[in-house]
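Before anything else, here's the structure in question.
Labels run A, B, C and D following the written order; every chain starts at residue 1.
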Amino acid sequence: MMMPDLTIEDIFSREKFIFIAGPCAVESEEQVLDTARFLKSLGVNFMRGGAYKPRTSPRSFQGLKEEGLKILAKAKDETGINIITEVMDSDNLSTVTKYADILQIGSRNCQNFSLLRRVGELNKPVLIKRGFGNTVDEFVQASEYISNGGNNQIIMVERGIRTFESSTRFTLDISAVPVLKERVPYPIFVDPSHPAGLARYVEPLSLASVGAGADGLMIEVHPDPQNALSDSKQQLNFEQFRLLFDRVNALRDTISKF
Amino acid sequence: MMMPDLTIEDIFSREKFIFIAGPCAVESEEQVLDTARFLKSLGVNFMRGGAYKPRTSPRSFQGLKEEGLKILAKAKDETGINIITEVMDSDNLSTVTKYADILQIGSRNCQNFSLLRRVGELNKPVLIKRGFGNTVDEFVQASEYISNGGNNQIIMVERGIRTFESSTRFTLDISAVPVLKERVPYPIFVDPSHPAGLARYVEPLSLASVGAGADGLMIEVHPDPQNALSDSKQQLNFEQFRLLFDRVNALRDTISKF
Amino acid sequence: MMMPDLTIEDIFSREKFIFIAGPCAVESEEQVLDTARFLKSLGVNFMRGGAYKPRTSPRSFQGLKEEGLKILAKAKDETGINIITEVMDSDNLSTVTKYADILQIGSRNCQNFSLLRRVGELNKPVLIKRGFGNTVDEFVQASEYISNGGNNQIIMVERGIRTFESSTRFTLDISAVPVLKERVPYPIFVDPSHPAGLARYVEPLSLASVGAGADGLMIEVHPDPQNALSDSKQQLNFEQFRLLFDRVNALRDTISKF
Amino acid sequence: MMMPDLTIEDIFSREKFIFIAGPCAVESEEQVLDTARFLKSLGVNFMRGGAYKPRTSPRSFQGLKEEGLKILAKAKDETGINIITEVMDSDNLSTVTKYADILQIGSRNCQNFSLLRRVGELNKPVLIKRGFGNTVDEFVQASEYISNGGNNQIIMVERGIRTFESSTRFTLDISAVPVLKERVPYPIFVDPSHPAGLARYVEPLSLASVGAGADGLMIEVHPDPQNALSDSKQQLNFEQFRLLFDRVNALRDTISKF
């Protein structure tokens, strides 16, 4: 199924279902360009990819930094795909802002109020992920730090919370989708990749998210997941993503008639 | 949409999507008969209803006990609907077994190993709910207490776990659906009513469950939820259930073509 | 330090600090008698030991059952030590009641309301452990199922709850000690062995419990922990227990002067 | 009981028990000076007080900022007390560093890796609080972001985690004290005020922390808690703190003889 190119305005109008996809981390020009071309071939017009990576351990791969941003820019130049990438602090905010179409605030920065205030002053869409230790209430209040600065271009992403259950990496709080839709006027997305932890759970969690009423999905896709430098177990390869993409669209078609 | 009468064999064949619906507690003959007739009019052939109620406080309504079972029997006599009702201990096991088509083990008894062993010796389907403090691993091991006795007619129900999030009553662990489907050969159901806690969240959680791959749903339905003696906020009225029923079936139709 | 023999009345008067110690499970006569003699030599007059074991998996050691109770009776006959042992269901209640001085309700039965009602009708002290998925509120309400039957000889035991933290087996909710002391008139004990999961954490958690105001401790002690049939990593050997015992008593002496 | 003035070196030598006390937020010169004089009169030589406050809602009191730091400086000038205050981001790092003797990283910034890296490059002690959604493992790895930069003057503070239990504000993970002491060479403190949520639970949690082996305590103290601009229910008044101080010291004396 081929879809017309969606724009950032389509995200905020909430009339069409949106896919954001791409690798956990920018690793090389080839990896990023291959992914961008693949996504555009499906009509997916939003690519994620981390250049600055907030890793639990200082010994893990920390991202290619500005070099990574330049690779994302090249992919955008060639394909026209919109770029979503993470900003980790005020220091790299201006650099990231130059390259990103949508700024991402990661789960660990959901209550980094200094950073939230800073992106609230920009005229640039912000995608904020729920902190894995944060309640829905706190997540809503985090969004207020952004909107208080005048920036209402906010995308909120449920990505799983910490619980006692260990068969998945995090527990996707699927109920947060309808709860958030009552409380804020923003598009509510789900990231099924991080709670899944394993690629084979990403599709059922994606279909569940559509059922729960999500406005979009943010999914980790990599040309060669086994050799990814981070999150290798949960990234989908192109074929897996293509199947998921078709199924999600079919489900969404059914729901749009309700 | 009218469906042909489903049988208990249909639950275990896992080819058709199954609804179990009915009130939290049996309160009166009128309440139960109205519900049974309504469900049968939709083609729903499985009715839940608690006669013995495990309530957190000894001062809460504890159920009509055997009188409640007799009311359920009357509904079955009149409409032919199959009865699912909870067994709380070895003492009332033989009584409940006389009346029930499917025995329910509640969340608080998920690790009541004595009771599990007893129902494992019966030739009667057992629906077991996940303990809200239990991992998927423990839930699977609980099912082994039943199957070890020779009883493999087991239905496993995800119904939400305890987490720090308080915007819903429990956190529906939607990922448990695909995880359980990998680990056990039994039908995996979802009870969206208890995690929702509020009627308006039951539909999105139901559609999410279908997306995640559930084989069936167990939903609280009451002719007059506001005046229910327990769980009044989360029970659906007939009209809400009818809408949910149609939407779930539509979604399921789409998925069955994948 | 040698203490005079304490009686069950001393538990409920809450004037003296109480130790309950002994193996996770009754395994042999020698094991139990050795432990009873050792405990009595310190002045510890309460021995735990499970004859009916609620194990997560049906393939794990399930206890010696009535044979185990007879071994406990022999230890009591010889040493005069009081016996605390677990009752799992109504079926074995009368058998266990014959042998036990104090009936134990395990964590997984904290909301087995049928069982709670039954022990509430007896004239026999009941030690109830908090369910690892239960709130303090629910634990208090569980105690009301017992007291409602007329039995106020209740000992409540904090033993850790389920959380996302995995460096210990459960998370000891130390705050539950002062919270429970406000809400119920019963002695509040702590079981540090199950949350610890490892023997070397049992002493710091025991001393913490004394600091928090616990009225007593329930600790797993085994003559040869490495070869125990269950909980082998968390049981203390005699020497470890002796050291803990002296330190807890010293701390308690200091606190009793506040 | 009067103690000799302790220095920052005493914190890292871990031979003496350390108290850090003071208001949640700097509110006025009088409030801070009164507190500093009171603490010094007891021999407490470390005062906390927030000038930049990370508040969940943007509508809550956000602190007096640099004006607050100047008030802390005045208190230090007059009494000689050491100042611990929070740094929220790279922007205010150099300002805060001028005034603080010890930099505090708050719970919500425990995985703000950019900030951790920056304080790791300073020659200034850093007190880092555990994120309430973080495991002990993640907390240890957060400390490595600081030590990797060459700064080993680290104080780690357990302050409660998010769980399903709601009778206290957070669940103090008392087991984290012995676990952390095995894994890192740094002093391990406990903040009992934030998990308690209510002043009357602060003393039992403090005594528990001493029992568990904590090297120090960080406690919220306010001259007039009822009228505090934040955390009013959990701050101790001077009389409550004095009593706690004496009892903690008595307990610590007993333990130091073990």
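What we mean here is this: contacts are C-beta pairs under 8 Å (C-beta built on N, C-alpha and C of every residue); 3 or more make two chains touch, one makes a residue touch a chain.
None of these values were measured; they are calculated from a predicted model.
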For the copies chain C and chain D, the interface residues, called same if over half of the numbers are used by both and different if under half, are same
Of A-C and B-C, the pair joined by more C-beta contact pairs is B-C
Chain-centre distance (mean CA atoms) for chain A and chain C, in whole Å, is 49
Rounded to the nearest Å, the gap separating the Cα centres of chain B and chain C is 35
So chain B residues touching two or more other chains come to 133, 161-164, 166
The residues of chain C that touch chain A in their complex are 162-164, 166
In the complex, chain D touches chain A at residues 54-59, 88-92, 108-109, 111-115, 117, 131-134, 138, 141, 144-145, 148, 161-162
Chain C residues touching chain D in their complex are 133, 135-137, 161-168, 171-179, 195-196, 200-201, 204-213, 247, 250-251, 253-255, 257-258
